[in-house]
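Both complexes shown next keep subunit A, but they swap its partner, so subunit B is in the first and subunit C is in the second.
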Partner chain A sequence: MEEQITVKVLLFASARELAQSSECTLELPRGSKTSDLRRALASKFKLLDVTSLAMDTAIALNQAYVSVDDDPVLSNGDEVALIPPISGG
Partner chain B sequence: MDLERYGRQMLVTGAGGQAEVSKLRVLVVGAGGLGCSCLAYLVGAGVSAVTICDADVVEVSNLHRQPLHTEAGALAREKKVESAARALRALNPNVEIRAVSKRAGFDDATADLVKSHDVVADCSDNVGTRYLLNDLCFLAGKSLYSASALGREGSLSTYHWLSCCYRCAHPRPATIEAKRSCADRGVLGPVPGALGALQALEILTRAPDDDIAVFDGRELRRFRKPPKRPNCQLCGVAATIRSVQDSKDSCAAMGLVVVEGAGFGTIAPAPPPPLPEDAVATCADLARALSRNGAVVLDVRDPNQFSMCSLPGSVSVPIADIIATNGDAVLEKLPLDEPNKSIFVLCRRGVDSRLATSALRAHSALRERVCRHVEGGLQAWRATVDPAFPAY
Partner chain C sequence: MDDHVRLSDQPIESREAEAFVGDPACGAIATFVGVTRDTFEDKTVAKLSYEAYGPMALKEMRRLCELARERWDVKKCAILHRTGEVPIGGASVVIAVSAPHRKDALEACAWLIDELKATVPIWKKESYVDGDAPPQWKQNDRDWAPPPRRTTTNHTR
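Right after this comes the complex of A and B.
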């Protein structure tokens, strides 16, 4: 069994702006949770600082928002979206 | 029933559908980019009544995305609610249009507005009002149709309160988002136009509330909402928010307070990094240094803003590049033959320039250089040195 899993990450709004990219692929150790993915994103993109964005922002796993109280284990091929709320209008 | 006026939509919804629409009383909070679009389609469709709630006046910078308002209104600084009401009455005289020139707030007047309508459209432009309307609509049992737009992006969500509320999805406001407004980050006019039109569609069709739609500038993707949070302060099993005052207290605890003159829901920004006194310059200091030919101006705004206007001879290095390279990006751009000139770091308002100055002063290759942040940025330059410098 492979030790690593590959996860596709979609970035929206300020996450996309700060990362200067709308999507990326992350390799994570098997068994990684969404909190591990947040940390990996924070270190991949310097500007996604750990406290304000990567750790705080709502995320969706395979087109469904993850409750802020949950921290599910990721599977190979998952699609995770980092969706900061937009408030302009 | 006016078949001539509404026939085309009744071919889709039937007489029963139109009868439902014709009973709807909608409170629309915000008469900006989202509001203008949403209002026009609601009134065109023949709802019973709309109330428009907004405290702003029309400005020329609104007109590219707010087609109910006019240049004449901007020149006369007309209230947006009055400008919008006039345009809507001209569009459909059968709909009752009420203009309330007021900022939605934690007060009984706003709560009463919510209670006296069937549904609420959140077309506001700030994070504080999003929490406010979420709370007031939940407490009053009114459906909330919420939209937002910024840059090329937007989102759309509906709340009938059987599934999660806005607080379940966003228990805390993201501080970074609170600093992003259309005035700061810009917006393409059709984006709020499209989202406001979809918001009207959701209202007219009483759309279900099981997902949140995100528009990325090309595509609308729908994400299933998270489950209700059992410990949500508003809709959880042991909810503590029971009144307007509770909502106000909870929002205040999250830093969402009404800041006079700065708009509702302004989150107190994180304190700027401290700079020693000799690292802070006024625009007058910069003007003096330029007149002695003793300054290099480093403009850290993003390339789009730099392309719109800049001080002659200034060097562009965006703040994002400075931080991503720990300051190295600046070294490539600085004129090497003028090592005695002070570096004046400039941005639009004096926020990013402070960050950039901190980074540059910590850079080993720049230790010998004088590097100063210009307080107030180009807005202060226009206000105190050169009134002819463009505003945007």
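Right after this comes the complex of A and C.
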């Protein structure tokens, strides 16, 4: 079994601008959770502030919101999106 | 299928949504059109643009239509949302709901726009006329948190 998993990360709106990137792939150790992914992103994109990532930005896993109380384990091939405060309508 | 959801970088029209939801068994169509405003607080808005997480936004819009149907006696729902730059006074969102009776259509339509603004991953950036302020991403709810997977709500309007 591979030790690493690869996930696709999508960034939108203010998160996309802060990271100066709309999409990237991250390799994470198998067993990593969404909280580990937040930390990996904060260190990959130095501009992303860890606190604001933790406080304001929701995460969608495979196009479904992850509740604030949840920290699911990621799987190889997952699509994870950073969802800053929304403003549709 | 009784729902029609669409994102478009072209102008959206209420008549598209109304034509879709029209049904001989329905005595009411309620339509909401959200239109871009030219002022925010004391600033003059020069332009607005919308960005969407397309596949997830469409999924969430479909889910809202299903939830509306569980709660009210509605026949068909349509939700259109514009992306990209929208001129001032242009429609950014259109919602239409048909129902046998007007109360269901009106309540479901009002609920749909509230829920869209609270749950669908779409973002708006406002730019202001020179000197007013730097462009900013807007925020519908001051306390943004991922919405829980609601299957029922205590909607009491």
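Here, the second predicted complex is superposed on the first by the 82 of 89 C-alpha atoms of A that agree within 3 Å, B and C clash if a C-alpha of one lies under 4 Å from a C-alpha of the other, contacts with A are read in each partner's own complex, and residues count from 1 in each chain.
In this section, a contact is a pair of C-beta atoms (placed from the backbone, for glycine too) under 8 Å apart; a residue touches a chain by one contact, two chains touch by 3 or more.
Since the structure is predicted, the reported quantities are computational estimates derived from the model, not experimental observations.
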Query = Of the partners subunit B and subunit C, which touch A:Ser87 in the superposed model: first, second, both, neither?
reply = both
Task = Could you say whether A:Val73 touches subunit B, subunit C, both of them, or neither, answering first, second, both or neither?
result = neither
Message = I'd like to know which partner A:Ala60 touches here: subunit B for first, subunit C for second, both or neither.
response = both
Inquiry  = Looking at A:Gln20 after the superposition, I want to know if it touches subunit B, subunit C, both of them or none. Which is it: first, second, both, neither?
reply    = first
Ask   = Which of the two, subunit B or subunit C, is in touch with more residues of subunit A?
value = B
Subunit A positions touched by subunit B in one structure and by subunit C in the second = 12-14, 16, 56, 58, 60, 63-68, 81, 83-89
Query = So in the complex, which bits of subunit A are touching subunit C?
reply = 10, 12-14, 16, 56, 58-60, 63-68, 81, 83-89
Query = Okay, in this complex, where on subunit C does subunit A touch?
reply = 34, 50-53, 55-57, 59, 81, 92-93, 113, 116-125, 137-141, 144-149
Note = Counting only contacts in the complex, subunit B reaches subunit A at residues 30, 32-35, 123-127, 130, 147-151, 153-155, 168-178, 180-182, 185, 187, 192, 212, 214, 216, 221-227, 229, 231, 265, 320, 323-324
Request  = Please give the residue numbers of subunit A that touch subunit B in the complex, ascending.
outcome  = 12-14, 16-18, 20, 22, 46-47, 52-53, 56-58, 60, 63-69, 81, 83-89
